[in-house]
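Shown below is the structure under consideration.
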Amino acid sequence: MTRWWDGVELARVAERLVPGSVARAEAGACLLRPERAVETLRALRDDAETDFAHLTNLCAVDLWDRFEVVYHVQSLVRNRIACLKVETADRESPAVPSVTEVWQGAWLQESEAYDLFGIRFEGHPNLQRILLWDGYPGHPLRKDFLAMPGGLQPGLNEFAGAAPRPEPPVRPVP
Amino acid sequence: MQIAFWALAILTLGAAGGVMASRNLLHAVLFLIVAFIGVAGFFVLLSAEFIALAQIVIYVGAIAVLLLFAIALTPRALRDNSETAMVGPAILLGVALAAIFLFVIHDAAWGAGAGDPGIGAADLGRALLSTWVLPFEIASVLLTMALVAAIMLVRPEAEEDADAGAAGGGGEERA
Amino acid sequence: MTLTLEHFLTVAALLFCLGLVIALSKRNAVGMLMGIELMLNAVNLTLIAFSRFGSGGGAVAGHAFTAFVITVAAAEAAVALALAVSVYRSRQTVEVDQLDLLKL
Amino acid sequence: MNDVVQSEPFVMNIGPQHPSTHGVFRVKATVDGERVVDAEMVIGYLHRSMEKLAEERTYTQNIPFTDRTDYLSSMSNNLGYCLAVEKLAGIETPPRGQAIRVIMAELQRLASHCMGAGAFANDTGAWQTPIMWFMREREKILDIFEMTSGARLTCNYMRIGGVAFDLPPGFEERVREFIAPMRQTIADGEGLLSGNEIFLARARDVAVVPHELAINASLSGPMLRGSGVAWDIRKADPYCGYEQYEFDIPIGYRGDAYDRFIVRLEEMRQSLRIVEQALDGLPGGPHSTEVPLALRPPAGEAYARIESPRGELGYYLVSDEGPSPYRFHIRPPSLINLSVLREMTVGGSIADAIVALGSIDIVVGEIDR
Amino acid sequence: MPTATDHWYDFRDLSNLSRVILEGIDSVGPSELAYLVAPLIGFVAFFLVFVLPSQLFLGVYGERRIIGRMQARKGPNRVGPLGLLQPLADAVKLLQKEALTPARADRAIMWAAPIFFVAPAVLLFAVIPFGPRMVFADLPAGLIFFIAVSGLPVLAAFMAGWGSNNKYSLFGAMRVVAMSVSYEVPLVLMLLGVAVFANTLSLPGIVLFQAEVNLWLVFMMPLAFAVYFICVSAELNRTPTDIAEAESEIVAGYLTEYSGMKWGLFYGMDIGYALAASAFAATVFLGGWSMWGLEQWVPPWLIFVAKTHLFYFVFIWTRGTLPRLRVDQLMGFAWKFLLPLAVFNLFLVALERLLWAEADLGDGIVFAFAAVNIALSAVAVWGWARLLGYRPERMPTRPRLAREAGGYVPLDDPAAGGR
């Protein structure tokens, strides 16, 4: 059975490897500082104790005032998995450092997060929209997508001859 | 015989004219193939079946295919078949030469021998291996040389550098 | 009217002249090569025609000679095309009027 | 021929409509003669934004969506999602439900690998024969699914806390009848392809992924195992009681396309073993626990994963105590396995690129979601 | 054996038909016309009478039924009894379909390509002896004629690929040209061996030779037969070597942009060429119409047709079984493997022929030759393959099995049981 790293314990290891790398530690996850994130993740990958060779999952979560990028990393030899997080500073121009040079597997997942959330991954070799086409207005997985530029509504928004539809109710951005 | 001859003459010369006139190099090669086939038809008329078949095998099956291959591999911009500024003098020369040829052909008294129509592959083979054995061997050596030369000429530069031999440079200068 | 040697010689002569014009006037090296092939064909036709209509025992000689010409033509085409490709690689062109290396 | 005469590189589109891209998937290959010098994939033709749609629906309503991601293995996708919700809400599944889930997941793996191995053979040019043989067996699996869940492709059979219905009468005999011919078909497919010189020439040492790269590029499933990494979530992180069953992890030698193919064939055999064991030890009792229809899991997050036929299928759910997930993320193995597409194709010929693509065994519905 | 009569309708001697057509035209029109029209009518008529039905039913229906059987499905079984009218239905469907031409295609070339593809297929059957006297044109150099004419469809395929203005088509065209250039060489060398041994270039002559010595050339030179099969399947784009139409790689190769009856002509004539190649193989290697005396009781042409279709069945069989090779592998195979074997075969056969002719050994010696050749061929194939680095024992076909999950398992790890 794969054991999950306790966030606090992992934070201790991360602090030992890269001092000043952890922003916050919870039971489930360890939050890294964005500016030290790549360094920390590389150190965690190369360290014999953690050995996070396999980036299992990378995704983003919209937290209304900021975004959170979640990394699930695991060690295939030790059979342990951990959840690490990095938060963006703000919502207007969200950016986190890219981990593609640590794990190649982050490449497509970061592109996807960029496409659907609009988070820029700095240092990503080829950051462009992969699922949606270039020039698509807005980033659909943001919670305020319906209020974003472009004014997209659910369903077909252009249907010849149809009467203009009422504005959809949109939850306001706090 | 007559109709076949005239049809073949029109076909061959028309196709040759097509080679001259077509602007697309690929069309020119296709016309050339038609001309080759027409000449093979003449060979059949002259009861030289083996030579006709050899003509088709080698000219149509090998040379034309080689030409097509070379054209397909050159960039699109270089596939036109236009003439240089020398086209006027060249045509003049051609017409003059044709006039001389035609004059000679129709003026000379050709001994109208019956000839020997029945020359089959066996006769030709026997001749090639007895009377003409030296040219035959030379031709085979020439073919081998041509094969080696062609391969040497188009070797990729990386391979040439790796060999560090002097074989590569010759081709470009000769052109 | 039966077919005589003159008929074939005429066709061969015209074919030869056409080939000559093509060989002299074409810009593209491959085009020139096509002209040369046409000329060789015309010569072959002449040889076979003489062999068929000519008197004397040299009938096989015409055939044999044609066979040699075809052989040489094949070798020539292979080498010429290799040359063209090689030239293209070094000069980026196969247009003969631009191959003026010796003029400079 | 290509070494002799150099030509200008040009872009060739493999897809979106192409016989061997397995859906609307496009590779923009820059080729020089027959050699691929650059490959870039273009995806998104089938994008339905399921992750967004799922945020508007209740946890139970989201199960049919998961059918439609990887439409060749809907049972596995149902299972992965239900496990994530159960982990989030702390729901236990009764043993019978777990055993049924295992049977279904393994049958689904067989069906999917039938398709994967057959399509791969098709890509190498074995014109339709292996895929038809495998399809015959796959049809039987789909029949079993139909009699169990009412649907063949999009089964929608798993539920949070168990499965939708109990097994129908006659199910066990049907599955047992199916096992022996399936074994025979696997052996037939192996006999037709594995030792075939042409197949070896086409697949051996083509699209090699060394194990360092495979791990670094987050590969999973047969891709990872083909590279010689013994990693199977069913062994490493057992779910649904996989620890009770006895099976082995097939691993390849060099990480080439051939290794992936033989790993898939061997996995099918192991799946049959698991199905037999699960049928033998099928416990009684309820098939599902009672779960409120409008499930409101406590706030928090959960990442649950299973070994789907294509690799590690993960579901990452975030709950804000609402009736629908706050964040619903699928870890799509097909997409992430494509991370090495460039490494696998560049430098080989177009034919190799097709074989490489076939050996990944992608499902475009899962890539685009 | 009842001898053929001189009546034109006696199709046991096809030269009668040619002659009657020729004379008929001679009597009505100017004599020269005969040269042009007679062969044309003769070939087309014969093609329609003999080849087309068998082509439709064996090529389309039979192939689909047999492949269906191999692929665990039924094949066509809806149109007519047992689906026998399926070829007809296909033809009707193809005629109805629009023959599309892409906007920027080279229209003239694309239009002409199917015609250039069909014409040689008809010509090929002109020199095939279907029976003792059943041959349209008994050319003294029939072997060369066959080689020459079978090289022509390559040009049509190239035209089709080039004219379509499609990258897949262009790839197909380039591949077909490269293939034919490569495979023509061992093919011609093989047939040279045949000609040397049979001491004739005429196809009826080769059949007579085989009937005389009572030994088919397939036993005499199995190597030549195998190489012929491989080369011809490469030139015809049949499955292990169908890289020019490689469905999974370049969609349909040079046929990608063709539709309707233009495509139908290519498809039909593909089968026509395969049948011609089978007929040629039956003539040259399988003894033609001769069958160790059986031709006295059974019509010889029936024996010939049976042999042709037997050979064609092998084409279908490989199509239903084998994967496809890659282009560079095929080229390498032709030049590195087939060509040396062809030279070896030619050398061997020439030596034996010389021995036979010089030492005055009688006809029985060919059986000894055959035994020697079969043994030597097997040795040559195996030995040359080993020399080129063929090591089948180093190819494990089953994966290793690991009991526990975790990390990379090195190749020599005993923990992974495997093999």
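Which chain is which? They are A, B, C, D and E, in the order written, and residues in each are numbered from 1.
Assume a residue touches a chain if its C-beta (ideal position, glycine included) is under 8 Å from a C-beta of that chain, and two chains touch if they have at least 3 such contacts.
Since the structure is predicted, the reported quantities are computational estimates derived from the model, not experimental observations.
J.: Find out how few touching-chain steps suffice to connect subunit A with subunit B.
T.: 2
J.: Check B-C against D-E and say which one is joined by more contacting C-beta pairs.
T.: Ranking B-C and D-E by C-beta contacts puts B-C first.
J.: Which chain is in the middle, if each chain's centre is the mean of its C-alpha atoms?
T.: Looking at where each chain's C-alpha mean falls, the closest to the middle is E.
J.: Once you find the CA centre of subunit A and the CA centre of subunit D, what distance in Å lies between them?
T.: Chain centroid spacing, subunit A to subunit D, equals 25 Å.
J.: Using CA atom averages as chain centres, what separation in Å is found between subunit A and subunit E?
T.: Roughly 60 Å, centre to centre.
J.: If you average the Cα atoms of subunit A and of subunit C to get two centres, how far apart are those centres in Å?
T.: It comes to 71 Å between the two C-alpha centres.
J.: Counting in whole Å, what is the centre-to-centre distance of subunit B and subunit E, each centre being its mean C-alpha position?
T.: From the centre of subunit B to the centre of subunit E is 29 Å.
J.: Quick check on subunit D: which residues sit in contact with 2+ other chains?
T.: Residues 5-6, 215, 229, 231, 236 of subunit D touch two or more partner chains.
J.: So which bits of subunit E are touching at least two other chains?
T.: Within subunit E, the residues that touch at least two other chains are 174, 178, 405-408.
J.: Considering subunit B alone, which of its residues make contact with at least two other chains?
T.: 1-2, 50, 54, 62, 66, 69-70, 73, 151, 154, in rising order.
J.: Could you list, by residue number, the parts of subunit A that touch subunit D in their complex?
T.: Answer in residue numbers: 1-2, 28-29, 53-57, 59, 61-62, 70, 72, 76, 79, 81, 83, 103-109, 112, 116, 129-133, 140-141, 145.
J.: Please output the residues of subunit E touching subunit B within their complex, sorted ascending.
T.: 30, 32-33, 35-36, 106, 108-109, 139-141, 144-145, 147-149, 151-152, 154-155, 158-159, 162, 170, 173-174, 177-178, 180-181, 184, 201
J.: In the complex of these two chains, what residues of subunit B are touching subunit E?
T.: Going by the criterion above, the answer is residues 1-4, 7, 24, 26-27, 30, 33, 49-50, 53-54, 56-57, 60-62, 64-66, 68-69, 72-73, 120-121.
J.: Given the complex with subunit C, which residues does subunit B contribute to the contact?
T.: 1-2, 5, 9, 12-13, 16-17, 19-20, 25, 28-29, 32, 35-36, 39, 42-43, 45-48, 50-51, 54-55, 58-59, 62-63, 66-67, 70-71, 73-74, 78, 80-87, 89-91, 93-95, 97-98, 101-102, 105-106, 110-117, 119, 123-124, 127-128, 131-132, 135-136, 139, 142-143, 145-147, 149-151, 153-154, 157, 171-175
J.: Along subunit D, where are the residues that touch subunit A in the complex?
T.: 43-44, 47, 49, 51-52, 213, 215-220, 229, 231, 236-238, 243, 300-301, 303, 305, 312, 314, 316, 318, 326-327, 329, 331, 335-336, 338-340, 368-369
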